[in-house]
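Here is the structure we will look at.
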Amino acid sequence: MTMEAFGDEFGDEQPWTPPAERQPGWLSEEELAGARGRVPMLYVEAVPVRVDPSGTIATVGLLLRGSPTTGRITRSLVSGRVLHGETVRDALMRHLEKDLGPTAFPVLPVSTVPAVVAEYFPWPTSQRIGQSLTDPRQHAVSLAFVVPVSGECQPRQDALEITWLTPGEAASDTIAAEMEGGRGTLLRQLLHHAGAL
Amino acid sequence: MTMEAFGDEFGDEQPWTPPAERQPGWLSEEELAGARGRVPMLYVEAVPVRVDPSGTIATVGLLLRGSPTTGRITRSLVSGRVLHGETVRDALMRHLEKDLGPTAFPVLPVSTVPAVVAEYFPWPTSQRIGQSLTDPRQHAVSLAFVVPVSGECQPRQDALEITWLTPGEAASDTIAAEMEGGRGTLLRQLLHHAGAL
Amino acid sequence: MTMEAFGDEFGDEQPWTPPAERQPGWLSEEELAGARGRVPMLYVEAVPVRVDPSGTIATVGLLLRGSPTTGRITRSLVSGRVLHGETVRDALMRHLEKDLGPTAFPVLPVSTVPAVVAEYFPWPTSQRIGQSLTDPRQHAVSLAFVVPVSGECQPRQDALEITWLTPGEAASDTIAAEMEGGRGTLLRQLLHHAGAL
Amino acid sequence: MTMEAFGDEFGDEQPWTPPAERQPGWLSEEELAGARGRVPMLYVEAVPVRVDPSGTIATVGLLLRGSPTTGRITRSLVSGRVLHGETVRDALMRHLEKDLGPTAFPVLPVSTVPAVVAEYFPWPTSQRIGQSLTDPRQHAVSLAFVVPVSGECQPRQDALEITWLTPGEAASDTIAAEMEGGRGTLLRQLLHHAGAL
């Protein structure tokens, strides 16, 4: 299995389960590969933040992940696919718990209108779209949110660690260079949305 | 003192304090009356909601207030003025605590961009503006938010009680008729923003 | 071919073209059916509006479509799928032109963050999600926008006519009953977003 | 008269008019000074942009203004106060026409919910608020928008010229250094909101 730029839900899908027990929406890699080449894949992404009582962002959590193939360490957001039959809210909760552990206590926004709509293409995008986000695997459209967490984060699965940075640090060129697919720009967009820069 | 359609912060301003100890931004009623006739007054408003773990709105909190003059009972949102020198976030927190008590534990949104900008005029508004919100005292512009609360609400000051309704009940014509200044429309706008209707 | 609740782009896909000339992202019905059962399908939707110079909505455009099977006439929004490799903006422009003709001159919003994220399921949705939108064909997630048009609208393809209503008329129960899949609620959400109700 | 960091509407207010003919909401400088020290002043701000047919931002318009006292040239946004009795939309249209001339043909957003709420204080703001916007004259809260223009811009009043830059140029440190009160940050927020960076 190659490094998943998006997070990802594949760890969940790997263990074989009898068809009857398989959750609807979870696909074999072949089935998923088929859909991937045909339609845009819907994702959710979130940057976890710690806020003070008035809601101002104090720190920003970034996940450290290691690539099994290149060994390269990258920083990423909470991210994953919306499954067939799953609501956007449920997908967001599932990926937050998968990446931050069960005691993070994320506070989801009351509206599912995202802070940013991020569009990833498997080829370089033209100037016609402001963002230049890429994903070598697929065309993906991601609903991206800023999500306050009030509990303890315990990274799971392929995330090695979560690092807490100030908004200014998180928006730096150094951090942007450590994020894949141009997500440094997305992170700045999200922090600007929250008025944190 | 007449019933304050907006909440309001006047209870806070009443007790005499020596000038040196007065908070900047708190005005005598004369000073406030002077400003009121000259510039639009900036307000914040919030509808407190209880949400399930995925962030979906379960119930909506409406304040019951009694009018000292007419004795009429009306339902209202958390509401109050932004003081000179005060941030929007601090004003929102102050009014939430004033109206819901110190143990409501409101979760403010990460962005100060409101769900709705509500414009109140002391005269009937023309068709040119969709909303028809009125406030006999003043021209007010209000930044309105949907704010989840996780603790216990204990109404204070002039609020008699807080009632928790389903989103559908809160958006009914019956409730709209019990709100002053056309705020039933504002409440529906806020609930639609949250995808709760 | 059955009536397409979503608009739809299938008229575009029907004419056979040699594979080399086929636009990437356009699928045979079999290919599309395969993807449909496996992943949520990404759509864009738009309600066209006419605005006065200050941007206030004067009238709302609803499409009349006839069902080839039932003969029933329904009202609908501009709507269609985002193709593989297509940006959200390009999909929105393509469907606006497809449904309103080439001289509608729609003015797209500067941000691709939608007014509403509409989630359609092929089964009745529980209370857990405020909206109760359904699409018998698929699980679809739609980015929905309010789009001013300044030119002449000439409905094409399967749209019979476009009717212009006041925001109040468009939000009525009568109109809601003439829209499929619960889109009357979506329309009200969009009009509330624009402050037009 | 000193340089007005915010635009401004004072050129409009200067000519003496008999009280009966004065527009409600226009104040003498003394009256305005009185209100300024007592309540936050409500402003609207806009960055004019040129967009391609799909709504993607091609260029960003910045106003050049000269300070009568220091002679310093600064770059600014369209900006001005909301008058007593005036709607947010009308204020936005009035200031766009004042700064860009009558043939700019701005397209106002369908919603008055701003892209950014900008808070200006006459003193340095603490870390508690992400933005560090200052205005030596007053505490101001500004509803800030990104507004496409389709016509010819002819700067009027105290604006010397309008310069059109790419989004990347407009977001540069060089340009930020030429904007007063920290508005370079606001401009980046607005461009990030529009997905243009």
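A, B, C and D are the chain letters, set down in written order, and residue numbers restart from 1 in every chain.
Operating definition for what follows: contacts are C-beta pairs under 8 Å (C-beta built on N, C-alpha and C of every residue); 3 or more make two chains touch, one makes a residue touch a chain.
Keep in mind it's a predicted model, so treat the numbers as computed, not measured.
Q: Which neighbours does chain A have in common with chain B?
A: Correct list: C, D.
Q: Using the touch definition up top, find the fewest steps from chain B to chain D.
A: Minimal hop count between chain B and chain D: 1.
Q: Since chain A and chain D are copies of the same chain sequence, what is the angle of the rotation superposing the Cα atoms of one on the other, rounded to the nearest 5°?
A: 180
Q: When contacts are scored as defined above, which chain pair ends up with more C-beta pairs, B-C or A-C?
A: Between the chain pairs B-C and A-C, A-C carries more contacts.
Q: Take the average of all CA coordinates in chain B, do the same for chain C, and state the distance between these two points in whole angstrom.
A: About 36 Å, centre to centre.
Q: Compute the distance, rounded to whole Å, between the mean C-alpha positions of chain A and chain C.
A: Chain centres of chain A and chain C, defined by C-alpha means, are spaced 28 Å apart.
Q: Do you know which chain A residues sit against two or more other chains?
A: Residues 54, 56-57, 87, 89, 112-113, 115-117, 128-129, 193-196 of chain A touch two or more partner chains.
Q: Which of the residues in chain A end up touching chain C in this complex?
A: So the residues of chain A in touch with chain C come to 25, 27, 31-32, 34-35, 37-42, 81-89, 112-117, 119, 121, 128-129, 139, 141, 143.
Q: Applying the document's contact rule, which stretches of chain D touch chain C when the two form their complex?
A: Against chain C, chain D makes touches at 49, 51, 53-57, 87, 89-90, 92-93, 107-113, 115, 146, 148, 193-196.
Q: In the complex, go through chain D and note every residue touching chain A.
A: Residues 52, 54, 56-57, 116-117, 128-131, 167, 185, 188-189, 192-197.
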